[in-house]
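The first chain written gets the first letter, and so on, giving A, B and C; residue counts start at 1 in each chain.
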Amino acid sequence: MNRATELLEKEKNEKDLNPIPEVEVKKLSKTFGKRKVLNKISFELEKGGFLSLFGPNGAGKTTLIKIIATLIAPTSGEIRVAGMDPTKNSAVIRAKLGLISHSPLLYLDLSAEENLQFYGTMYSVPNLNERIDELLDQVELGHRRYDLVRTYSKGMTQRLAIARALLHKPSILFLDEPHSGLDPHAVDIFESLLDNIRAEHTFIMITHNIERGLALCSKAMILYNGQIVFYQGKEELDIDMFKSIYRQRVKGDS
Amino acid sequence: MSGVKQIAAIIKKDMIAELRTKEMVVSMFLFVLLVMVAFKYAFGDSDNFSTYAGGLLWVAFLFTALLGLNRSFVHEKDEGCLEGLLLAPVDRPNIFFGKMIGNIIFISVVEIITIPIYIVLFKLSIQGSIALFAGAIILSNIGISTVGTLLSTVSINTKMRDMLLPLIFLPVILPVLAAAVVSTGGIMAGVTGEKLVNVFSAMKLLIAYDILFLLVAYALYDFVIGE
Amino acid sequence: MEKATKLLFAIAAILLLAGLALAFFVAPQIVIQKNGQYLSVFSQKIFYFHVPVAWTSLLAFIVGAVFGALFLTKKERRYDFLSFASVELGFLFGVLVMWSGDIWTRSEWGTWWEWEPRLTTYLILMLLYSGYFVLRSAVSEESSKARLSAAYSVIASVTVPFTFFAIRIIPSVHPVVLSMDGVAMEPTMLVAMLVPVFGMTCLYIALLLMRYQTLLIGEEVDYLKNELGG
């Protein structure tokens, strides 16, 4: 816990250098009746940062993501995404968000191109066709663009899912257990793709994969019962402390 | 403007997928035929079906619509697409209108194919105005798709998924069933005088139902599809 | 709130007992003409029970929808409890409507069920609100349960008037008999009808408050259990 306060102090000092953090959460709570889904969560994520979010099911991870994504309104507390209030600027903020999930979020009976065209219209992407060409080249699916997603291999589907998420040039990317269901080879491909886009995006990842989660992150957080029980930056990350808290809260609970 | 484009894109996407797989329209069409054959066996001794003309038609259409409505959101939920759609800057009512218009198209296509077959099979005829007949069917389709799209969104978000839809859909749609049977049945029999007045009051009920439930769906869809 | 509940129960008891006395001892016996003979219809007395429960049932469904809409705008759990409690009571009173209607059809036509417009409307309403309870049981996450069932309570309440009119455009063999139309309501009859209407309304409010409190206590118990690490 001391570490967490230290980090908060440090964030305060850093604030002068980097005035607007990409995601800023202060004493955020979400309650339903007596139940506290989220209980006074505070953290900041700088532009280009990578937050790995651990915790057992029902800890409030999804709720936190949904609040940042403007899908749920918090009960109390403050939240700024790219300097804006999600409860007031939902459409503007959503246009800046992308999601890569363990399910591909693609229509299997449509071709790659049709999928991207559909989502592109939803996001009102300008010069959509050029953007689609560019992306399909990037994920090396140009030659399969007219094929149905149903006929794709798992790895190809994942690549297309990444293209889909990047279509509208989001600045913040959510990764929802992206490693689950991927074999080691697919994980390698996925992470090299992630590497390419790492610099210009801010990431928030929900994961159960400790090894990958800690390797990728710039900050790690464990949520338990709606509260932050561990929160440290990567440089000063105490791996033993992380593991003992993780074992106690996450493994012990499931 | 982008709203209209989004609605059109949702309809287009469903149409492309359907034209490719043909699973909805074909299974809905076969289902209607099977229901009609089942009617023949259930009421086999009767040779004159004209009294039940409207009833036979709408029981078959309602259950086949149920079949299609269930599929309509299973597609969205399967690969997590609904999540992707909700995260996009799309106004929720646009999702509703896209899915609803798609459902109207599917139901209408099935009806256009089956009505002639049904008339031939049961030796029926439309003695009243064809335009009025079509009008009554269109009004009923709007009601069925509006309430059906709204409630299938509810049911897909529950543990029971498609099992729940008939239990909540049928009692809500019963007024449409009654009005559709009275109006189309009356028009097919070519009624006049006081009975024609009854046909018109049934159609007025359909209009009121459609308008009110479109408003209800517009107001509630935000809450139904997700927080 | 507990005091208010007790007071309402007491008022309800007095009004309902008074209504019973008025119905049997004060309101005049209805006499109808049938096949040239004058018949006194004792079974008509059931209306002094039937009408108040029917009114209360509809009121409860409407109140349920109002609290449902309030929940959707405010997202406060108490509105979900109030909406749920009210729909539950509406259903309970609805069962009483069908039961008392049934006594009437039994004594009038000697059958247990007639597809008579008002009874049919209630049968459909019961089915409509059965869906509400199935829906609630099909959602495990509490806030989604509250959200979806609140939306459904609004949808169901909008359906009610349509059901009412739709039943009446279907050509029916039986005339609308469960009706006081055409019978000149004497002042004493009107009083005998209104007193139990108020009594039943008080009973409904008292039960609603009581149920609301038990739901709050249930939530508290769940909360404490979790705090203890259950």
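We adopt the following convention: a residue touches a chain if its C-beta (ideal position, glycine included) is under 8 Å from a C-beta of that chain, and two chains touch if they have at least 3 such contacts.
Because the structure is predicted, anything quoted here is derived from the model rather than measured.
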Per-chain C-alpha centres versus the global one: which chain is nearest?
B
Counting C-beta pairs in contact, which comes out ahead: A-C or A-B?
A-B
If you average the Cα atoms of chain B and of chain C to get two centres, how far apart are those centres in Å?
31
Distance between chain A and chain B based on Cα centroids, please, to the nearest Å.
39
Can you give the whole-Å distance between the Cα centres of chain A and chain C?
50
Where chain B touches two or more other chains, by residue:
227
Flagged in chain C as touching 2+ other chains are 143
Per-residue multi-chain contacts in chain A, two or more chains
73
Chain B residues touching chain A - in the complex, by the definition given at the top:
2, 5-6, 9-10, 12-13, 16-17, 20-21, 75, 78-81, 83-90, 226-227
Per the contact definition, I'd like the list of chain A residues that touch chain C in the complex.
32-35, 73
Within their complex, state which residues of chain A touch chain B.
66, 69, 71-73, 90-92, 94-95, 97, 99, 101, 103-110, 114, 117-119, 121-124, 148, 164
Residue ranges of chain C touching chain B (in the complex, touch as defined)
72, 124, 127-128, 130-131, 134-135, 138-140, 143-144, 147-148, 150-152, 154-156, 158-159, 162-163, 165-167, 169-171
For the complex, which residues does chain C have touching chain A?
75, 77-78, 142-143, 146, 219-220, 222-223, 226
